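Pasting the structures in now, so scroll down.
One chain, chain A, links the two complexes that follow: it is found with chain B in the first and with chain C in the second.
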Partner chain A sequence: MPRIGSESAMDILIFGTISASILLLSSIGFSMTLKTEGFINIAHGQALLMGAYLALWLDGLGLPLWAAAILASIGCGFTGVILNRVLFKPVKSKGILVLLFTSVGAAYVIYGIVGALAGKRMLAFDLPPMRAWQIAGQPFMTPYEFAIVLLAIVSALGVHVFLTYTWAGKSIRAVADNEDLARVRGFDPRRTSDIVWFVATALAGLAGVFLGIVGSLHTQMGWQMIIMILAVTVLGGLGSIYGVMLASVVLAFGIEIGLMFVSSSYRTGLAFALIIAVLLVRPGGLQSLWGGGKTRTH
Partner chain B sequence: MSGLLLFLVSMVSLGAIYAMLCVALNLESGVGGLWDLGIVSFFGIGAYAYVIVTAPPAASYQAYIFGFEAPVWAGMAAAMIAAALFALLIGALTLRLKREYFLITTLAFAEVIRQIFVNEAWLTNGVAGIYGLRPPLREAVDPSAYGFLLLALLVAGLAIVFLVTRHMVISPFGRSLKAVRENEALAITAGIAPRRHNLKAYVVAGTISGLAGVFYVWYNTIVTPGQYSSDVTFFVWTAVIIGGLGSLRGALVGGFIFVLLHDILRFVPVSGEAAATVASLRTAVIGLALILILRWRPNGLFPERATVFGGAAPAGAKAMVSHNA
Partner chain C sequence: MPRTLKSALFAAVSVACLVGPAAAEDVKLGFMVGFTGDMAPWAGALNNGAILAVEEINAAGGVLGNNVVLVPEDNTSTAAGGVRGAQKLVSVDGVSAIIGPESDPIMALLSFAKDTKTPIISTSAGTEGLDKAGGKGNYIYRTNASDSFLGVVHAKLLIDEMKQTEIVMVVENLEGTLSAANTFVRNYEKFGGKVVKTVTLAPGQSNYLNEIKEVADATPGGLIFVAAGQTTGVNFVKQAYQRGYDWKYWVTAELQSQDFVQAAGAEIVKGAINPVSSQVEGAPSWARFSEAYAKRFGEAPQSGFYQAETYDAVILAALAMQAAGATTGEAIDSKLIDVSRPEGEKVFSYADGVKLLAEGKDIDYDGASGPLDFSDTGNVAVPATRLLQIDDKGEWVSLKTIDTSAYPAN
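Up next, the complex of A and B:
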C-alpha cells in the first residue's frame, strides 16, 4: 500500500487496519483447507490473483464494481470446488507431500494462464477518485478502504457464525476433527469438503479484489500474498482459524511498526523475521499461548 | 545449424546446473526426509559470495563496496564455505521444527535472503545486479568455442558432485538418513542421532547448492536478485519429483528433463507481446507436468528402489529393507 509523508501513529493505525483486513480475508480460507484437508495449498495465493483479474475483466464489461467483486468471488469459489474434485481429492491418499506439490502445479497453471491472458503490465481498477475522510483535520480512510475493513470484519464474523451455528459449519469442524466419527454421526465428508473449498476460495477471490482496489493488479500478487498468508498461518498456529484472526492483526501492525525502522521493501522480510523469532521461542505459533498447542484448535 | 547446436549446448549446460541442485535437494529431501523449501538460499549465497570475492572493484555507477578480484578457486572456496556456514546456522535454528513448520520457515529464510540481495546495494549492487563477470578460462579458447568448454566444466563439476553424493548415500551415513526418514523412533533406538544426521545432510546440500551458484554465475556472466527467487526452489522440487524423489538417477535425469520442458520453447522465435504470453504458458506447462506426474507416477520416472540386505527379506520384515538409489 502506497504511503505519502511521514509516519504518524494515525498512519500506522490506518494502514495496519487495512492490511490486517486483507490479510485476514486472504488467510481464513487457507487455514480452513489446511485444517480440513491437512495440506498447505500453495494455489490459494493464485485464487487472489484470479479473483482480482476476474473482477477487473467483469468491471471492464460495464458491471458495477460491487457486482464484479461478488461475481468474481463466486467464480473463484466454484473454481476451488473444481480444483478439489479434479486435482486434490484423487491424490489425497498419496500423502501431504503429493498434495502440496499438486497445489504448486495448480498454482503455476493458474499463474501461467492469467499471465498469458492479462499480460505482464501493472493494471488498476478504474475507480472514481474519492478523497479520504477527515477526522479532526487528519486524513482518515477513503470510503473504499473503509468498506474493505468493514467487509473483512463482517466476513470474519460470518465465518465464525457459520462454523459455530450452522449444520454445514458443524460438519466442517466434525470432519476436520475426526472424519470417520463424523461419517458415523451422519455428516457427509464429500459435501463438507465442497463447502470448505467454495468458502475458502471465494474469500480468497474477494481478498484479491480488495488488494487490487487498495493497490494495483500485477501477476506476482498471488506469489507475494501466499508468502504473507504462510506467515500469518504459522503465527496463528497451523490450521487454527481463530489463531489466524489474531495473527493477521499482530502481523499487520508488527509490519507497520517495523517499517518505521527498516526500508519498506523489507515488508515480507519483516513478516518472516517476526515468524522466525516467534517459532524459535514458541514452536507451536500464537495459539500455543492459550492452548499449549494441544487442545482444540478452532 | 550452428544456432541449433549453440542452443543445445546452452540447454545442456543449464540442465547440468539444475541437475546439481537436484542432487543436493534429493540428498536432504529424498534420502533424508527434510521438506526444505529454501534450497535457493544457498544457491544465491554461493553465487553472491563468488561474485563478491572475484569481481573487479565497482565502477563509478555501481554501488557495491567489495570486489576483490581474487582468483576463481578462491571464489569457489568462498562460495562453498559461505553456503555451508549459512546452512549450518539456518539448519541449527530450524531443524527442530516439525515438517510443515520447517517447510515454511526455510521458505521464509529464502525470502528474507532474497530481500537482502535486493536491498543491501553496498554488498550486492541491488536490483541492478553485477554484470560482465568473466567466466574462467575465457581467454583459453576461441570465443565461439567457449560454450563447449563451459559445458565440459559444468559436466565435470556435476560428475564430481554426483559421485561424492552417491558415495554418501550408500555409506552408513546415507543408510542412517533413510532410517531416520522411515522411522525416527526406531532409528533412535538403533543409536542414530536424527538431528545430527539431518543437519549434516542439510549442510552438505547447502554446500553443493552454493557450488551450483558459482556455475550459474559462469553460465549467466551476471548476478541479480531476481535469479534467486523461490521459483528456483519450486522448479528444483518439480525436477526432483519428475525424476523420482529419493532416487539418485532420477535427480540427475530430472534436472535435464525439467530444462527440456521449461526452456525448449525459448528457441521458437516470437516477438514482443507474444513472447510474454509464451513465457506465461511455459510456466503453465511446468505446472501441468507436475500435476500429471504426481497423479500418474507419484514416485517419478525413476522410482527409488528398495535394497534388500543379506538375501531375501522375510515377508513383512520392513525394517530389514532399506531403500537405495
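Up next, the complex of A and C:
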C-alpha cells in the first residue's frame, strides 16, 4: 500500500485539473447555446445522459469504446440540431421563458426515453480495472482521466479557434450580438444556429461518456450535472464562453485548495461559497474581468 | 364537431368516474419504493415480495371478502419523491396503507401518516430516526431491523469475528448512510473499538480523489467501513483502486448489490463484506416463503433484499384489517401489533391467520423474515445475521450465519 504524505501541491494540481476538465467539457456547450440563443437550456444536462447511454449501447454492439464515444457524440450533435429545429426554433419568438420551459420539457422527455430503454439500474462501461500512471512513485492520472484533460484542453482551444478564425465562428458571434444586423450583413442565423446546437450537444454527449467512464452510468447523472453546469456558467458570466473556461478552473481549484482547510463534507458548500464570493465582488461573473461587465460577452 | 367530441369525451369520463369506484370493491394498498434512484436495485425484489403476498391473500379469499390490489408508486429514492408519491396514493388512489418507503422518504412522512391516518410500513428503512417514531397511534411501522440494532451487529461482528479494533470510516452525507454509520460508531466504541478517522463524501460528485487521499493518510489497516449510496460508492472504490490502493471494504446494505460489483469491477471490490439480517437457518416460516417465492419467480429470494420483510408487511396489514373488521387505515393501525403478539397462537400464513381469527382466537403471525414481535414504537428485532462477501468472480456469497438474537438490543 503506497504511503504518501499529506496533501501536496502536486495532488492539488492533479485533482484540480481533472475536476476542471470535467466541468469545462460539461459546461462549454451550455454556454454556447446561452450565448447565441439567449436562454438557459436545461436539456443540456440530459444531453450528457444521452451521450453516456448511447456510447454504452454502441459499445455493447461490439464497437471499441473510442469509436462508440465519437459516434455517440455525433449522434448527440444531430439530436441537438433536431431539438433546435423541432422544439426551440418554432417557439423562439415567444420569448426566453417559453424557451426555458420548452427545454425543461425536452429534458424530461430525454430522461424518460433513456430510462425506459436502458432501465433504471446503475450501469457501467465494461472496462478493465486500471491503475493510475506513476510519476516518481506517485500516482498521476489514469489514461481515462488524462484523456479527459486532453480533450478539455483541445475543445477549449478548438472553440476559441472556431469562434475567432472561422466564418461560422464569426457568424455565431455576430448573431449572438445582434441577430438582425447579422442577417443584414449576410450571415445566415439559421445555419449558425444549427452549428451551435451541433457542437454544443456533441460536446455534452462526449462529457457524458467520460462521466460514465470515471464513475458509473445512472439516470440521475444529467440532473446532477446541470446544477454544477449552472453554477459554473453563473460564475463565468452568463453566456461567456471564455468566462466558463476560466470558471471551471477557478471552481475546481478553489474546491481542492479549500478542502485543505475544511472537511470534505463541505465540498458542495465550498463551491457555492466561492461563487457567492466572486459574484459579490464581480456581479457580472469572471468575464467582467475583461468584458468590463458590459453585455458584450466575448 | 370538436364540441360534440368534447362533450362525448366529458360524458365518457363522467361515466368512468361513476362506474370506477362502484365496480371495484378492491382494498388498495400503496406500494411505494425507489423504483428509480439509489434504491432501484432493491425495488424489483421488494415488488416480488409484495406481489407474492397479495396473490396469497387473494387466493385465501381476500380481506373481509374483498380483493386486495397493490398500487405501485415510485418515490425516486428521495424524501421529495416520497412526499409526492404518498400524497398521490392517499388523495388520488385512496389506499388503506402505504408499504415500502426507505429511510429518506419515510422520515419525510412521519406527520403525514398520522395526519391522514394512513399506516406507513417500511420494509427496508434502517434509520434510527424511526427508533421512537412509530407504533400504534403514530401510524408508522417497520418490519426490518433498525440501524441501531444493525449498528450493534456491525460492531460486534467486526470486533468478535474480524478481530478488528481500529477502523477508518467513509460515510456519504445521506440520511440512511449517516444513520448506519452513527449507530455503528456508537456501539463500536462501546465495545472497545476505535474509529481512527471519518471521511465524509458529498453526494453526486464526479471525483473523490481528495477524500481518498484523506483515507490513505489515516493508513487504514484491515477493512474500511463504507456507508455510501451506489453511485458515490462506485466512484469512491474505483478511484481508490486507480490511485493504487488495494483496500478491502466492510459495507452497509446500500452497496450490497450485483449492480455495485458490476459497475465497480469484481477485481476492485472482491473481498468486500456486508452483514445482512436474516431468518435463522431452517425456520419453518422462511422455508415456506422461500419455496413459494422460488416457485412464483423462478429464483430463490436473494439475501439482503428485504423480500421477506415486504411480504410480511403486506400480510400483516391484511391480517390487521381482517382482525379489525374494517379496511381503513385506522383499522390497520389498531390491530397491526396485535396480530403478531407472542401471546397469540402461532400462524405462518395468511390463510391460517384468517381461519383462527374467524374462530375468535388471538393470533401471532410469525413472518418469513422473523417473529415480528413489535415493540411499542413499531420496531422488530432480527433473529440472525448472515455475512455476505464478494468472491473472486464478483458474486455475493454467504460466508456464515451468526445467531444474533442474544446481542444487546442497543
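Just so it is clear, the second predicted complex is superposed on the first by the 276 of 298 C-alpha atoms of A that agree within 3 Å, B and C clash if a C-alpha of one lies under 4 Å from a C-alpha of the other, contacts with A are read in each partner's own complex, and residues count from 1 in each chain.
Note that contacts are C-beta pairs under 8 Å (C-beta built on N, C-alpha and C of every residue); 3 or more make two chains touch, one makes a residue touch a chain.
Bear in mind the structure is a predicted one, so any value in this text is a computation, not a measurement.
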Open item on the list: Quick one: is A:Phe272 in contact with chain B, with chain C, with both, or with neither? Answer first, second, both or neither.
Closed with: first
- [ ] In the overlay, answer first, second, both or neither for which of chain B and chain C A:Leu211 touches.
- [x] second
Open item on the list: Touch test for A:Ile241: chain B only (first), chain C only (second), both, or neither?
Closed with: neither
TODO: Look at A:Ser263 in the shared chain and tell me whether it touches chain B only, chain C only, both, or neither; answer first, second, both or neither.
DONE: both
Task: First, second, both or neither for A:Gly115, with chain B first and chain C second - done: both
TODO: Could you say whether A:Leu48 touches chain B, chain C, both of them, or neither, answering first, second, both or neither?
DONE: neither
- [ ] Scan A:Met32 for contacts with chain B and chain C and give back first, second, both or neither.
- [x] neither
- [ ] Would you check which partner chain A:Ala124 touches, where first means chain B only, second means chain C only, and both and neither mean what they say?
- [x] second
Open item on the list: Residues of chain A that sit at the chain B interface in one complex and at the chain C interface in the other, please.
Closed with: 115, 120, 219, 263, 265-266, 268
Task: For the chain B and chain A complex, residues of the former touching the latter - done: 35, 93, 96-101, 103-105, 107-109, 111-112, 115-116, 118-119, 230, 234, 237-238, 241, 245, 273, 276-277, 279-291, 294-295, 298
TODO: Could you please specify the touching residues of chain C with respect to chain A in the complex?
DONE: 35-37, 40-41, 43, 173, 199-202, 204-211, 213-214, 216-217, 219, 230-231, 234-235, 238-239, 241-246, 259-260, 262-265, 267-268
Task: Contact set on chain A toward chain C in their complex - done: 1-7, 11, 14-15, 18-19, 22, 115, 120-124, 127-132, 134, 139, 142, 145, 211, 214-221, 224, 256, 259, 263-268
- [ ] Going by the contact rule at the top, pick out the chain A residues touching chain B in the complex.
- [x] 40, 87, 90-91, 94, 96-98, 101-102, 104-116, 119-120, 219, 223, 227, 230-231, 233-234, 238, 263, 265-266, 268-269, 272-273, 275-276, 279-280, 283
